[in-house]
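Both complexes shown next keep chain A, but they swap its partner, so chain B is in the first and chain C is in the second.
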Partner chain A sequence: MRGKKRPWTFYVLATLFVLYVLALYGPMFCIYVLSFQDVRGGLVFPMKGLSTHWFVDLFTQVRTGDVKGAFDRSIRLAAIVTVLTVVVSFLAGLAFRRRFFGDTVVFYLMIGSLVAPGLVLGIGVGLLFNFLGWDPSWYTSALGAQLSWTLPFGVLVMFAVMSRFNRAWEEASRDLGATPLQTIRLVVIPILAPGLIAVALFGFTLSYDEFARTLQTAGSLNTLPVEIWSMTLNVTSPSLYALGTVTTIVSFAAIGVAIGSIVWLQKRRARGATP
Partner chain B sequence: MRFLRRNIPGWLLVLPLVLVVVPFFLAPIVVVAIASVFNTDGYGALLLPLTFDNYVGVFTSSLTLHLYVDTIKFTVLTWLLSLLIGFNVAYFLAFHVRNQLLAIGLFLLCTVPFWTSNIIRMISWIPLLGKEGLINRVLMDLHIVSQPLEFLLFSSFAVVVAYVHQLTIFMIVPIFNSMGRIDKRVVEAALDAGASRWEIMRLIIIPLSRSGIALGSIFVASIVMGDFFVVKVMSGGSAASVVGAFYEDVGVLQYPTAAASAVVLTVVLIGVVALILRTVDVRKELTQ
Partner chain C sequence: MTGQGSIELAGVCKTYDGSFMAVDGVNLKIPDGAYCCFLGPSGCGKTTILRMIAGHEDPTDGEILIGGENVVGLAPVQRRTAMMFQSYALFPHLTVRDNIAFALRVRGQSPAERYRGADAMMEKVRLTELAHRLPAQLSGGQQQRVALARAAITQPRVLLLDEPLSALDEQLRIQMRQELRRMQQDLGITFIHVTHTQLEAIALADLVVVMEKGRIKQSGTARDVYAMPNDRYVAEFIGGQNVLAGRVESVNGVHAHIVSRDMRGIAVPMANHARPGAAVAVAVRRDDVELFRPGADSVPPSMTSISARVQAVEYQGYFVKVMLDLAEGGEFVAYLPERKFFAQPVTVGDVVLAAWNTDYARLLA
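Moving on, here comes the complex of A and B:
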């Protein structure tokens, strides 16, 4: 590891890494490319023509289902899940910094919620709503089912973020006469902001792509992944790939916004440090 | 009183989390467990008297055995491959890439697909692995094979490929995280003391990244065991999964049978996770 000469293992591992990244992105790029075929297009290479035919097809054809409505609902649901995930994970992250009676029980409930089979949970929620006489819908049962998946991730990220948080900053704030709320608003939140953005990214993308827990809890109106799922079983045209391209663009936009705001925060912070 | 004063802030802060996890994790699991001991009329109604026949059915049917064998086979294969790839990728990033910023950039490159749709990433193998797919075409053009290889798509092979493609990231992130906390001076000291690279790996790197390996294993095992859509789409019907069978039972309103199978699966899953958690205190590792 020291010195200039690389050991032979470096080249082996570098090759493995390159192959891994190629296998990670290669197939995805194939379907993005194939989604831009013209009307003769099929599910495999070679590429037949170049057009946006299948994107138009996706949003206009009846047989592909209500893609536009599902898309709309998924974005709204993901926005709600993001806000709730950030707030609840932040509070839970603060709580878990010191021990309290029952903390281990809550921790293991959360881990259970993370590892439980999503479809079983979804059907359990469906049966529960049925039993209580409530109608399942994307903004009640599906929202709860998705939070049971995004919150454990959010809290685990908060653990990682909080472990780097120096308690001395809080104590300094208290010594200077700040109230607990002021300390949180003016000291804790600004310092943890990049971590909170990471939690938001988890909340948004995990909800936006969530499928197993939503399948049985969304009620009569589907979310986008449920729509994609039914398309994989029925649709054998490149519109499926077009949908893949559209939904990936949304995910990439979310990643871009998150990384962009973290970079912006760090820059602003760096400027503040050297007036 | 002191007990209350000490605990109330923590309880209040964790309350919102509890208000989600209890009704949307604990309650549905309890509902499924309750449904598993009822009789049914075959039209979705749950009838008394209570019975354990559903469990007897699960344990005596050869179909269930077959489902568990398939599911466990996929879990073990995916776990081994994703651990092998994930560990080496994380090791490469943490110890071989000398520029810290470059290492983080390459790490982010690995994580980006995690934020995109799993279903889309799964179907993206179809144009590659299919009978007329890219891989078969290249192999035929190079005259390596004369017939298209049929086992590539709609087979157990395709299932494992899709799982490893989706889940290796769950190994890379926690292992990279624990490797990042290994003090490089420990490795330097071992080198100075004359340790070989293999000894450093076996005596320092692997023991100190075990919390990451444990966390990654929990993710991979629980996701594969709880999955049904990868098996359904990628195996083309040649393999089955426990949750897939559960879903089909629910589809024909056989709630108690489905519930009994789900309870057995959950118990197996808890067993696996508990076994992994016995080897490391994940909470301690995470919060420190």
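Moving on, here comes the complex of A and C:
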């Protein structure tokens, strides 16, 4: 290829790709930029000044709503969802390696809850709680509604992870005298660790910005996405954008932690586990 | 450590679905300290037998005795067997040293204790300088040594090897084959080795067991199985034999006279089952065949000959492989010593007499 003229299709496709990337990240980038205006700032360009005024405003002004509380709840909810998703997906991944009675039914039920419209599912969960006379809250009804979304994702990721797991490893472990629990602890979990971290990442990010299922199930105290949505209805300052910037940073931090821990695991292995 | 590794299979059957018999009534005795090879095409049940001896599968019926005691239902550790898996199944997240120390670790030995054991074992199989490598950083041959060491550290009385050389390339395979045999002699324990490669089995084994469709077709020393196959299947599977089909025309106590549609009668040493009219197969070793030119040479009276056309000639180095086309369409091959071939070469299309010492042919069941 070197020295040859590139065909015209290269330029067409390259332009298309650049436009695609702009369309994908442009809007988000605008929000991040506009959140750094000073006190004169508005919701649209042009940018007025440069400061972190709206970030301070976000956490001090009462009229913007209960951002700190919502953020707190979202993080806690995401943490609970992550733990449950990892545990259930791991066990389901182990179970689905062989056929069992009703396995196809369980599988399709799972896919069903993945494709069911989230808003409708959320309303349904809300109605059910109402019917049973229970108060909906973020740690009961919203937790359940979110798990209906994160569990199938987690299990599907686990299927992909398990497909590269060699059963002979388990047999070798048994052959060498390990009990089933020792095999899980010393062989299965360490080998699957990167996959489990990926499942955790999925669980966390899916829960952290889940909106449709949570809207009707969070009860009287909002999670962060629901809070942001309600802010868009009554807040007309760049503090809304500042919130967008902060939540994005948290998401990236979660991804960074996940990737970092996978890299750390691999480094530790490459070094050798023994001193 | 030794003396307990004799194995006896008594009426062992295995079926997964109740109708298809993966292993169908196998009886076999393997003496302590023997190197035994199970040989057969894929799906013949050889790996299933290995896994049943290892305790990774239970027989549907029959008994498995190791050192005289029935081990069906016991865990591998209780049987004192160890298995080397196909492509080794080394734990990818553990170093060589930790892989080898694994069996000691699950027994609750302290790190100092188990590393002492693992280091001694690594010394023995020359892995010390690779102690801190991960399996992915090892060559195929090194991985095999780790797998052997990991299995041997449990001090088994029987080591079970599932296609141990199939993951290696040709040259390494021959080298590692010798290493396996050396290890077996060092450890002095019974080795059971499953393979579909004939050369591997006859080069290594004290006892070769040829299998087909869940049954044992023949078991014996490598020489027995190679030079004296019981039946057509064994002769063709082990190779090195030409198999001719025909019908017994007459018998005279010493020789049976065999004819077929395209073959005028040939004489074959008598066997018990030869009755006039019976359909039989005759085995003639490829290295027993000599070629004569019709008319020019005279075939000695002690030899039997058939006429054939040369179909192809392959130079193999120390011998030349001449493929002959018998009229009935069967393939007939002669392995001629290189010097002998070039003293009187033949080319494709020549009509020749393929002859062999009459007493060297064998009637097959």
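Going forward, the second predicted complex is superposed on the first by the 252 of 275 C-alpha atoms of A that agree within 3 Å, B and C clash if a C-alpha of one lies under 4 Å from a C-alpha of the other, contacts with A are read in each partner's own complex, and residues count from 1 in each chain.
The working rule: a residue touches a chain if its C-beta (ideal position, glycine included) is under 8 Å from a C-beta of that chain, and two chains touch if they have at least 3 such contacts.
Nothing here was measured: the structure is a model prediction, and the numbers come from that model.
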Chain C versus chain B on the shared chain A, clash or fit after superposition: fit
Contact breadth on chain A, by residue count: chain C or chain B: B
C-alpha centroid angle, chain C to chain B via chain A, nearest 10°: 90
First (chain B), second (chain C), both or neither touched by A:V187: second
Which superposed partner A:T179 touches (first chain B, second chain C, both, neither): second
Gap in Å between nearest CA atoms once chain C and chain B share a frame through chain A: 13
Overlap of chain C and chain B interfaces on chain A (superposed complexes): none
Chain A residues touching chain C - in the complex, by the definition given at the top: 166, 168-169, 171-179, 182, 186-187, 190-191, 193, 269-274
Residue ranges of chain B in contact with chain A within the complex: 3, 6-7, 9-14, 16-18, 20-29, 31-32, 35, 85, 88-89, 91-93, 95-96, 106, 108-110, 112-121, 123-128, 130, 132-134, 137, 165, 168, 177, 187-188, 191, 197, 218-219, 222, 225-229, 233, 243, 246-247, 250, 255, 258, 262, 265-266, 269-270, 273, 282-283, 286-288
Chain A residues within the chain B interface of the complex: 1-2, 6-7, 9-10, 13-14, 16-17, 20-21, 23-28, 30-31, 34, 43-45, 87-89, 91-92, 94-104, 106-107, 109-125, 127-128, 131, 144-145, 147-148, 151, 155-156, 159-160, 162-163, 201, 205, 209, 211-212, 216, 225, 228-229, 232-233, 240-241, 243-244, 247-248, 251-252, 254-255, 259
Of chain C, residues touching chain A in the complex: 54-56, 75-77, 81-83, 85-87, 89-95, 97-98, 102-103, 105-107, 115, 131-134, 150-151, 154
